[in-house]
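These are the structures, in structure tokens.
One chain, subunit A, appears in both complexes that follow, with subunit B as partner in the first and subunit C in the second.
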Partner chain A sequence: MQIKLENVSHTYMPGTPFETRALIDINLTIEQGEYLAIIGQTGSGKSTLVQHLNGLLKPTSGRILIDGKEVDKTAYREIRRRVGLIFQFPEQQLFAETVFEDVAFGPKNLGLPEAEVRRRVENAMLLVGLDPQELGDRSPFTLSGGQMRRIAMAGVLAMEPEVLILDEPAAGLDPRGKKEILDQIDRLHREEGLTVVLVSHSMEDVASRAKHLLVLVDGRQKMYGTPAEVFRDGQELAEMGLGLPQMCLLMHKLRAAGKDVPTDIFTVEDARDAILKMLGVPQT
Partner chain B sequence: MNMFRSITIGQYLPGDSLLHRLDPRAKFIALLLFIVAIFLVNTYWGYLILAVIVTTFLFTSGIPLSYFFRGLRPVYYIMLFTLLIHIFFTKGGSVLLRLGPATIDSYGIYLGFYMVLRIIFLVVSTSLLTLTTSPIALTDALEYFMKPLSYLGVPAHEIAMMMTIALRFIPTLMEESEKIMKAQMARGADFESGNIINRAKNLVPLLVPLFVSSFRRADELAIAMEARCYRGGMGRTRLRELQATPRDFLAVAVAGLIIAVIAGTGL
Partner chain C sequence: MYRGVSPIEIIRAKGLGFKYQQADTGECWALRDISFTINKGEFIVILGPNGSGKSTLAKHLNALLLPTCGEVWVNGLLTSDEANHWQIRQLAGMVFQNPDNQIVATTVEEDVAFGPENLGVPSAEIRARVDEALELVGMAGYKKHAPHLLSGGQKQRVAIAGVIAMRPECLILDEPTAMLDPRGRIEVMETVQRLNKEGITVILITHFMEEAVIADRVMVLADGRLAMSGTPAEVFMRGDELRALGLDTPPVVRLAQELRLAGVELAPSVLTVEELVSELCR
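Up next, the complex of A and B:
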């Protein structure tokens, strides 16, 4: 499915002294199979933006088109089924007595038959790397933080959405947990063909993973493009308070020192290859 | 889904008007006296005097009028209800209209509007207090008034602290409910339709996480307070001491004067 935003703006509490303009004039198209990262500092409107993508928030002005059709009231249920949204710290929304019950909440709300619910729950748990036999009957509140987060993710995946939106999925995890979660999302994108929208404040996390980046500053879209395009101008990003990924920064510095290296490099491996090439060392 | 954000009854708005600067204790006493005056008033002329006073404060308080009246929206229904009850059920005076067995009497209409005015004055004057006084200042004032009770063993400081904490966490809890509601709605939960039993059942996915996080938060707060050596009111000093000025005494005196005038002249 394709999601298209046309001149979308959102204002919280309009007409009161607490009025805040969270989003201003956003134009964006999310194609089938996209892997989009939305980057910005705290308060830049990232979370507000993604809540528009599944109808939890309605734009104050502008329109949202899904597969070319404007979203109206009757379509919200359908859209929430097709667009799965995983909030920040999703483990805080767990409520059921058992893990199985919690993951089954979504599919049950869809009114699916029991056998199909069971299939989806087990499938979703396997997708996030948890064993349904081992954990299914445990209380979600007895599990570790990382496991609880996976269960909450499974709860959304069990709806079998076509688009998966994740708001800071790695927040508060240690480096290993972070990498595991992000790798898992990559896998869902690659193997299950899910369209992914990832919200993050960290360039490092998303640069090597996403196909496109959208940079938000104070509710406005400042930059949009492939990682290579967005990171071409390091200066501009630094001025917005958003740093470059470390390897990209290294390449920019080498370039500034007069070395001939590409700047669209985001991983240590690529950086090694680029430097070896620069030094003229033959590569194996 | 901004249902919680739209509730603004009496939500404090920082400002720098006379009302904002008055000592919260003076505002409290003056408000109490003013409420007494509202109940003493017998004639529409008396209400006119009160109306002049209230609107003067409302216009000088710096609170946007649209914001003020939007916050009163839930009260409109109570006013309408009061008016209708009096019009149809209060008997006396001359019969103005006969609808089958029901009649509308002149005294009913008189009393209906009279009661509605009373409600308006009560709500407007109390919201003027809460709109111009921060919750912290309000509980400070309450603690001050409860201090004599602490000699009788009433934990005045603890009660005030509990109120401060409760008020402090209302917006947090609302934000959190909204977030959890949205998260469950994203999983197809429905909070808005169905009969009353189903609706109550549907609240479980909201209430359980809300309780879990509230307990966790309470625990963290207790630890944070103990880590900073909090041990109740004994020997505790204040960051902001309440300091009454002549202006505050004047405010209370003026409120007293209003009562005296109304009671004395029988307005």
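Up next, the complex of A and C:
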């Protein structure tokens, strides 16, 4: 499915002293199979924006088109099924007595037959790397933080959405936990063909994974493009207080020191190759 | 009884172990046989994967938890002696991960005044301490503001000011930047570094490897044990061991290692982008 935002603005509590313009004139097309990362400081409008993508919020002005058709009241139920939204710290939303029941909650509400519910739960758990036989009957509250987060993700995946939106999925995890969850999202994108929209603070995490980046500043769309395009101008991002991924920053500084290196470098391996080339060291 | 405190030592742990009861798996040792000393004015970073015991250890350093075995002293005061608790908690102040859980008052200055008020400090002196603390964390312009309307980084700086107003020797921060955006992280890290330069001992627990680079000493916890301890350069040199524990090195340290493997000569102490640039441009 394609999601298109046309001149979307959102104002909280309009006409009151607390009126806040959270989104201002956003134009954005999310194609089928996209991997979009939305980056910005706290209060920049990231969460407000993603809540428009599955109909939790409606634009104050502008419109949202799904597959070319404007979203109206009757379509919201359908959209929430097709677009899964995983909030920050989703493990706080677990509630059922067993892992199976927790993951099954959504599909059961769809009124699916029991065998189909079971198939979906088992499939969703496997997709996030959890064994349904081993963990299905356990209480979710006895598991580790990383496992709980993946169960919450499975609960959304069991709805079999086409688009997966994740708000800071790696927050609070250690480096290994962070890598595991981000690798899993990559796999869902690559192998299951899910469209992914990921909200993040961390340039480091998204630069080498996302196809496109959207940078929000004070509710406005400040930059949009491939990582290489967005990170071409380091100065501008630094002024927004967002900074560059460490490898990209290194390349910018080497360039500033007069070295001939590319700046669209986001991984340690690419940086190594670029520097060896710069030094004229033969590579194996 | 431990005597003969050297003038520079502030915290000592000896054979520290901590055990707690878990609902389904019985008892569990969260800390095992941990020994170290921390000197006044040091900047210590504690690293460790989720569940390694970092927060449990931090809570032992101001007597929020008491050892199951072994001992902890803060400024020569034994934490297991309840009579020392007030003094220990004034000496070693703690800042937690979630800034929203630490706000107690409706204005910034009242929030910062809460600690010294509880210590029974005279009100004129409280005024002076609150002003000084807010000045130190760069929040002097926000005295009358409502704390819940501040940004995450500002809230954390108010929480730090609340601890500073107690005039502690030692500031313990448990993942203070985990929930902050990049700007908030920079604000808090700069504040912590400034306070350390003023002479306050800092113990910082973090998941962000790049925050460990500025430490005097890094301690790595794994499965409740002290697995490594040394300067950032010494600890990050052991990249493979860190990764086996579920941690990592900052990307630039990993890159330096890759370049060395490819035959590029680099100083062993490369920890930051700036250091690598100057090495490569020599």
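Just so it is clear, the second predicted complex is superposed on the first by the 284 of 284 C-alpha atoms of A that agree within 3 Å, B and C clash if a C-alpha of one lies under 4 Å from a C-alpha of the other, contacts with A are read in each partner's own complex, and residues count from 1 in each chain.
As a working rule, contacts are C-beta pairs under 8 Å (C-beta built on N, C-alpha and C of every residue); 3 or more make two chains touch, one makes a residue touch a chain.
Just so we're clear, the structure is a prediction, and the values are computed from it rather than from any experiment.
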Partner chain(s) touched by A:L127 [first = subunit B, second = subunit C, both, neither]: neither
Touched partner set for A:V99, first subunit B, second subunit C, both or neither: neither
Subunit B versus subunit C as contact partner of A:S144, first or second or both or neither: second
First, second, both or neither for A:L5, with subunit B first and subunit C second: neither
Partner touching more residues of subunit A, whether subunit B or subunit C: C
Which superposed partner A:N109 touches (first subunit B, second subunit C, both, neither): first
Touching partner for A:L188 - first (subunit B), second (subunit C), both, neither: neither
In the complex with subunit A, residue positions of subunit B that touch it: 1-2, 5-6, 8, 13, 64, 66-67, 70, 176, 179-180, 182-190, 204-209, 212-213
Complex interface listing, subunit A residues touching subunit C: 40-43, 142, 144-146, 171-177, 201-204, 241-243, 245-247, 249-250, 253-254, 257-259, 268-269, 271-272, 275-276, 278-279, 281, 283
Subunit C to subunit A touching residues, read off their complex: 23-24, 48-51, 97, 151-152, 175, 178-184, 186, 207, 209-210, 243, 246-248, 250-252, 254-255, 258-259, 262-264, 273-274, 276-277, 280-281
Complex contact set, residues of subunit A against subunit B: 12-13, 15-17, 51, 54, 56-57, 77, 80-81, 84-85, 87, 90, 92-96, 105-106, 109-110, 141, 155-156, 159
